[in-house]
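What follows is chain A paired twice: with chain B in the first complex and chain C in the second.
Now for the complex of A and B:
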């Protein structure tokens, strides 16, 4: 009998265990305390947006004309981060793989950091702020540096600073693409015909595979970007761990989430404000509305 | 011993009582005017809109700096977008021939049309921003921890839905901006290694953005995605209550 009622009292799952006891003495009435705040904030927003809408018209350009492309053509701003990525790697990675993995990783956060540390309060854990700052700093400026590198701005800086030419022996370091174009790769690995050499599907009566593998291209468009995007966060986490900045699961979660959000922000800023005609990198004040 | 007689109600009090506790007001607000704690709690518990809330809430969660009202404002944007969106639907026909001209008419000749369109546009941008900021506030307050893991997942879905809602709406004005933004955006879908082209074909109903794409995006924008979003919002709000209200320190 006793054991029966005991098992009844046992929480069924971790989730139920997780429910916090209500502390009535700390509670306020929703009406008026909360409803009032909600009402005021809704009112303020409505007011601001109405004034904004009276002052600034939503854009309406010329009628769509499929036959001439404006330069540059840009996606809506919240997708310009992906469009920026697109300039640096294979479109399947930038346009599909990265967003899919990003959404999956966001969803996984609570299952990876499943501790109760730092719950229910801003910056509640002891190292929350430092991890957020380090992550955001590294994410933001790391991404900026990578963009500048891929746009050969280090070459520009070198030539500006020394008035010398960039040494031609280092041409392959001009940007990532140069690794493909400036290194004398043997012809044999530039076009490996998968269908002819590896998978002879026509022997099985299947259609032949017309895939031609270009190893240097694969390296530049897929392997290097993937390694960078996976490797740099791992390095950041390991270094932060070694320096005792990150110690608990919550610390690592804050570090990586902040780095990710800052990276996303930098990519959005770059795609929006630093890319002009031809998606060239330029100062924001040189970015003109697209010419059609 | 003197017995204190209650003062006779003044005229104002009688009018107040007559109106506030009269048959009309009572028929709308059963619990009576919310001027006592009992009536205030009944007000929240029995009103279909207010009962999304609990009747009482932890002191710290009322502080603006805890949530900055971001989730609530995201929801408010959704409501505002629904209202202005319905009004825009009165004038807008999603056909290649008419879409752009209808937009011009809304902007110039329809009375308050410009206000509806501008509000709809700026609210859409605000909603994307607010949802992002809401996610950050939930993250940095550590409010995704057990038992709220699943509600975080629902939240991420809401974020994706918000982006899709905004993206599908972007095509509808059928101007240069709309056309090329959607062309560029859907090209990304097309680049997927598996079924990329097939998915792009399904999404825009052809190999190029055209009349089929317009009607697909329109249908998704005005009914498909809003319905799905409403369902997930219902789950989101229900789960906040089921998980014991907002997260608080242990």
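Now for the complex of A and C:
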């Protein structure tokens, strides 16, 4: 500030205005402060990987054979979140739409949150930590509850607690698929013929595809999962806004991002540690290595 | 700048004669060593101070490979090799090898091999589960009273994993289901979907029988699975009659 050339040192935002100039002692150097930590991390990572590879057998097997499926068949661990999603909805949504939108939304963060308020600072806003905590909590346990619901664990809990049978009138609430199979939907909406003209398969010399629209199936496989994945974050944001937990754009961004990361983590944990033979939900100690 | 360079070019041309004079000519062959010494000592290789060689003239010989060309060439070569590598890996993984022709008739044993209500039997080459539904078993998992032989395609209608029969697997209080190892779709003994992300029940194949009771599954005749799977099961008489 002493130099007096104000045009060069014009503060960018009010957050920077009036801030003390950094002293030399406050700065951290790349070497040794950063590189040393990175080196220690690399050593720990190598050590962990070595120990894990000694303890856990991961044999290389033959090329993939469609007629031979190990039980359970699991993707690499970092894809198990998506595989967990595949258990609950249409494969095009879980395998294509969700990852595309997730990656696109992550790339869009700098464009959506373009305020320079608190730039480069962790937890700059006074509400940042509470937003992160609320988002992570709701995302983690909300996802867990949804998984438990689709595995009919509420039915199990009801029957354990009351020693009664789950009322057959509520069979359609056993899991999401039951909405399709346990409700006597009229045949007229179960097979709406769209005809063979939508896809011009005859141009490729292929047999015609007779498209039949099944509304309950569409509801269970596509509409309910999409509504859940879009609606629940909106409800979370609205509630957090009403409770004054989230106030600025940055607050909402932290809230939704934490919820997303916690959801992803829960899906990974569930797909990795809670799914055994037949991708059945079970305790981690009951999960056995795949039978080939 | 352009004008400056032109001026300098003219200046250099003017100085060419001057240079010749200053360097001097070599003595003719056969002259004495002294003459050579004199000639050499009178020579000067120093560039006269009035000559200014501009940087554009300093290397008048145009290089065949410029730095830019080299860097570009390196980039495109590296890029090309990388892409080629990807294409090669792609082809290596996707090149069909050891593919056996599926779709067609397969022998799947004799009618006497299958007892009503017995666990399904898998025929690997035919990718088929042969089930003999017990008409007396009216439970959902047992086939809802469907009667006779049913050929189920092992391929899960969801994403194509081979579905195993799991006799000890308990679901909804009953034992014995087809359960997909990839995403947990669950089917009854007749292949009717009761749980999971599969879009429909397990697909069925057509069955035929000859006079000796040998069964053949026609894997080219696939019927998309539906809730009427148990009704598709045929007793031996049914199959024989439809043949005739």
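Observations on the structure shown:
The rule is short, and it goes like this: the second predicted complex is superposed on the first by the 211 of 292 C-alpha atoms of A that agree within 3 Å, B and C clash if a C-alpha of one lies under 4 Å from a C-alpha of the other, contacts with A are read in each partner's own complex, and residues count from 1 in each chain.
The rule is short, and it goes like this: contacts are C-beta pairs under 8 Å (C-beta built on N, C-alpha and C of every residue); 3 or more make two chains touch, one makes a residue touch a chain.
In this text, all values refer to a predicted model and were calculated from it rather than measured experimentally.
Residue contacts after overlaying the shared chain place A:217 against chain C, while chain B stays out of touching range.
Of the two partner chains placed by superposition, only chain C is touched by A:177; chain B is not.
In the superposed model, A:280 lies in contact with chain C only, and not with chain B. When the two structures are aligned on the shared chain, A:89 is found in touch with chain C, with no touch to chain B.
Of the two partner chains, chain B is the only one that A:45 touches; chain C does not reach it.
By the document's definition of touching, of the two partners only chain B reaches A:37; chain C does not.
By the touch criterion defined above, A:26 reaches chain B but does not reach chain C. Contacts of A:60 after superposition on the shared chain: chain B is touched, whereas chain C is not. Once the two complexes are overlaid on the shared chain, A:140 sits clear of chain B and of chain C alike. Touched residues of chain A were counted for both chain B and chain C, and B has more of them. Applying the stated touch rule to the two superposed structures, the overlap between the chain B and chain C interfaces on chain A comprises residues 66, 69-70, 73, 83, 86, 90-91, 290.
Against chain B, the residues of chain A that register as touching in their complex are 14-20, 22-24, 26-35, 37-38, 41-42, 45-46, 49-50, 52-54, 56-66, 69-70, 73-76, 78-79, 82-83, 86, 90-92, 94-96, 103, 106-107, 109-111, 113-125, 128, 132, 250, 254, 257, 261, 290, 292. Against chain C, in their complex, chain A makes its touches with residues 66-73, 83, 86-91, 175, 177, 181, 217, 221, 275, 277-280, 290. In the complex of the two chains, the chain B residues touching chain A come out as 34, 37, 40-41, 43-44, 50, 53-62, 64-66, 69, 72-73, 76-77, 80, 100, 103-104, 107, 114-115, 117-123, 126, 128, 136, 139-149, 152-153, 156, 159-160, 163, 166-167, 170, 173-181, 183-185, 187-189, 191-193, 196, 208-210, 243-250. Residues 124, 127, 154-155, 158-164, 166, 169, 179-184, 186, 194-197, 199 of chain C touch chain A in their complex.
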